[in-house]
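Common to both upcoming complexes is chain A, partnered first by chain B, then by chain C.
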Partner chain A sequence: MMLFITIFLLSFALCCLGGVFYYEQKSLITDVYSHVAFPGVVLAYVLFNSLDLYLVLFVTTTFVLLIDLIKNKLLRITKFTTDSIFAFFIAFGFSLGTLLINILQNHGVSTKAGFSDFLFGNISALSSNDSVLIISISSFILCLLYLYRRVIKNYLFDQILFSQLGFNVYFTQRILSVCTVVLCVLSLKVAGVVLTTGLFLIPFATANLFYNKIKHLFVFALLLISLVTFASIFISLNFSGLSTGPILIVLYFVVYLLSELFKFLRFKNIYG
Partner chain B sequence: MLNVTNLSVCYTTEKVLKDISFNFAGGSILGIIGPNGSGKSTLLKSILGLKNSNKGSVIWKEISPKLDIAYVPQQSEYDWEFPSSVYDLVENALITTKNFWRFNSSNFRVQVDSVLKQFNIYDLRNRHISMLSGGQKQRLLLARAFVLNPKLLILDEPFNAIDHSSEQNIFNMLKEYVKNGGTVIMVHHNLNSVLDYFDELLILNKSLVAFGTTDNVFNKSNLLKAYGSNIFLDL
Partner chain C sequence: MDSYIYYKLFFVFFLVVINSLFSAVWFFERRQSLLVDAISHSVLPILVLVYLFVQSLSSFSFVFFAVLFSTLVAWLISFLSKFNTKHSQSLIGVFFSGLFALGLLLTNVFARNVHLDADSVLFGALEFSIFENIQMFGFLMPISILKLFFLLSVNVICFYCFRNLFSALSFDQTNLKLHGFNTNLIDFFQLFLLVLNVIFCFEVVGVILTLGLNVIPVLIASYFSYRTSDLLNVSLFVSLITLLIASFLAFSFNLSLGAIFMVLLGVVFLVLSFFRSYFMKL
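Up next is the complex of A and B:
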């Protein structure tokens, strides 16, 4: 039950923030954060000789936010598009993480230190302390997003009016970035570096196929997330050797494809 | 109302606006015309403080740029697939830093309904914004600006991609607004309607070609200076 609540709340918080970045047309940002978080995890191990989630969260979030500042500066001064810069950082993050692990291995640190839990995700490695941390932070971020939902809507639709109404665009962007980075780091242990972005985007994208009102959209996403989370945990508990992270993403993707097919067939029936 | 002196703006190395100076008293409709790439939208953004100028000054008198001006960018700058109804979009414009934490929809219902009725989109209030026609979208953007009770309305090509009757409807609303004490500054591209629409005109081609009352400055010589020889108008 604890595992279900942990993954459910984390997935729902990720889905809500995924929606924000979807409308900002920066869907890949979550992939950037999760890949840049990877060397941050190794750095946490180097500094504290531990992969305790609390320590990892602190070090990695700081590291990713520093890299985020460099990324933002580059976006302002470079001639390259946002997508290109994001791609540079995705490649850089993963390479740096792998390189740091290689260096550690050359200095006699075992590969069993637990890096693979963060690289590919391993829900069975979640301790109850980890679950409490994930549940508390996810709930806090969900409350924040709910309380500020109207402000965020204004920010997403029209940043000029948003700033004319007295709000600070930069501050809002920073708050959303910090929330996203924190959730990215927490989800590494659930879905891993490569799969985290799927949790951000696929449930929201699927819900977005059917509904264009925010309330309906998130109710659908909520149902989808609870169903897929339940199914993933059930499958991974009953078939040993199957990780919950990849099952989650594969199920989400299958539901997404079926939804596209359903929508296409319905459209065909209505309009011939 | 607006005093612009020697305003120059550069994008990287290219100068988009060169030494623009004019004095606009307000209380009328000012049109800004010029060929593509002449810096019309950049001028609007500079006077609003959304684009930093490299040289010169923009001074507002008797008006607060943050509180009294409503800016309506081109329709194409918005994501119309955004999950919002017509009503929500107008209502959300009333959320400020002072009231967002205790925002109560019912306190603003009368105000929002009244502006929706004024712009003939009250019947569409529950409709998703993607389901609107070009003219309805433009009226929605104007309603969202009007709900803020601005003293000055700045519009960037509001008649783009809308039919003639919608254009006439919207223009009549703007005329009514000016009659009631408002001021409009508008970028416009259709030269055929300039004489009918604007009290004052600013002709731009990176530098200022002419500024004054429309009757005085809308002539062949100024248009040739701005548009070159590719201009066919029966003036």
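Up next is the complex of A and C:
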């Protein structure tokens, strides 16, 4: 039950933030954050000699936010597209992490298993303390998003109008970035570096195929997340060798493909 | 380690770098660097499925079917992202994470004991690439070097035969259509070349470094020129110099060559970007 609540709340919080970045057309931002978080995890180990989720969260979030500032600066001072800069940070972040692990191994530290939990995700390695941390932070971010939903809607609609209404665009962007980074770091333990993007994007993208109204969209996403989370935990508990993270993403992906097909067939029936 | 092995490793990595640059240039010009990310992740389930049917990782039929099906998937992603340009990033994200998760599940279930596990998919296996040898002209040649030479010849021939067509595709597809060319076919062919490069380079350097090789050298080169041939030459020159330094560091301190190469290239890019912006302000 605890596992279900943990994954469910984390997925729903990620999905809500996924919606914000989806409308901002920066959907792959989590891919950047999760790849850059990987060297942050290694750094946390170097600094504190522990892979405790609380310490990892603190160090990695600081590290990723620092890299995020560099990324924003690069986007301002160069003429490269967001795609190129994102691709650069994905590759650079992951390579830096690999190099740091390599250096640690050369110094006789054998921590490959610990880092694999963050690289590929390992839900079975979540302690009850970790679950409490994930549940409390996800709930806090969900409450924050609910309370400021109108502000976020205005921000997404028109940033010039938003600033003319007296809101601070930069501050809102920073807050959203901090929330995303924190959730990304937490989801490394659940889905791993590569699959975090799936949790962030697929539920919202699926709901967006059917609904345009925000309220309906999130109710659909909520149902989808609860069903898929339950099914993935059930499958991973009953079939050995299948880990929950990849099953979760594969199920979301299958639902997404079926929804695309359904939408296509419905469109064909209506318009011939 | 024997110095002969170092030379072999260096040579294999150098061939991987050159091959990647040929596809990197076109996808940089098309402003679709993240498509490389999507393709490099999406080929994993196809490789596992083809392996399950062919039961070999080095046979011709494995490469043939892997390239064929991966090109189809890559074309599908590219087609869908063109269809939905506003949210192309989200489509790429949905497909690559979904297919990569499927690949991880399939490797866990069916290919656990093969050299296709999750670790080697992410990090590559440069060290193992030189141990499969074949006798040629009295010498023992690593199969990976022969494969990469074959790929290089395909890349060079295609680059010189179709570069005008590929440039036109990157800059003005409508014009190309008006001249009677089938842009979908050219697009498919370009994707085929990318997939060929990704599949050949993937087993040596892994998924993420494949993306890095396809992005960072060309980004650095674009500071010096925008001509396609210059982009290729400058990125090759920068990569070679960086690779020499990276090899020295990697072999002296027993570090991963791919990781240190990419980190050095990343540092060069960051330093160049900030210096350039600083001097332009002055």
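Going forward, the second predicted complex is superposed on the first by the 269 of 272 C-alpha atoms of A that agree within 3 Å, B and C clash if a C-alpha of one lies under 4 Å from a C-alpha of the other, contacts with A are read in each partner's own complex, and residues count from 1 in each chain.
The rule is short, and it goes like this: a contact is a pair of C-beta atoms (placed from the backbone, for glycine too) under 8 Å apart; a residue touches a chain by one contact, two chains touch by 3 or more.
This structure is a prediction, so every number in the text was calculated from the model and none was measured.
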Touching partner for A:Ser128 - first (chain B), second (chain C), both, neither: neither
Touched partner set for A:Asn154, first chain B, second chain C, both or neither: first
Touched partner set for A:Ser136, first chain B, second chain C, both or neither: neither
First (chain B), second (chain C), both or neither touched by A:Gln164: first
Comparing the two partners chain B and chain C, which touches a greater set of residues in chain A: C
Partner chain(s) touched by A:Asn49 [first = chain B, second = chain C, both, neither]: neither
Doubly contacted residues of chain A, that is, touched by chain B and again by chain C: 25
Residues on chain B engaged by chain A in the complex (per definition of touch): 50, 66, 69-71, 73, 78-79, 81-85, 88-89, 92-93, 95-98, 100-101, 103, 128, 130, 144
Chain A to chain B touching residues, read off their complex: 23, 25, 147-148, 150-151, 153-154, 156-158, 160-161, 164-167, 208, 211-214, 217
Residues on chain C engaged by chain A in the complex (per definition of touch): 28, 31-34, 36-37, 41, 86-87, 89-94, 96-102, 104-105, 108-109, 112, 118-119, 122-123, 207-209, 211-212, 214-216, 219, 222, 253-256, 258-263, 266, 269-270, 273-274, 276-277
Interfacial residue positions of chain A with respect to chain C in the complex: 22, 25-28, 30-31, 35, 70, 74, 77-78, 80-81, 83-84, 86-88, 90-92, 94-96, 98-99, 102-103, 106, 116, 119-120, 194-195, 197-198, 200-202, 205, 241-243, 245-250, 252-253, 256-257
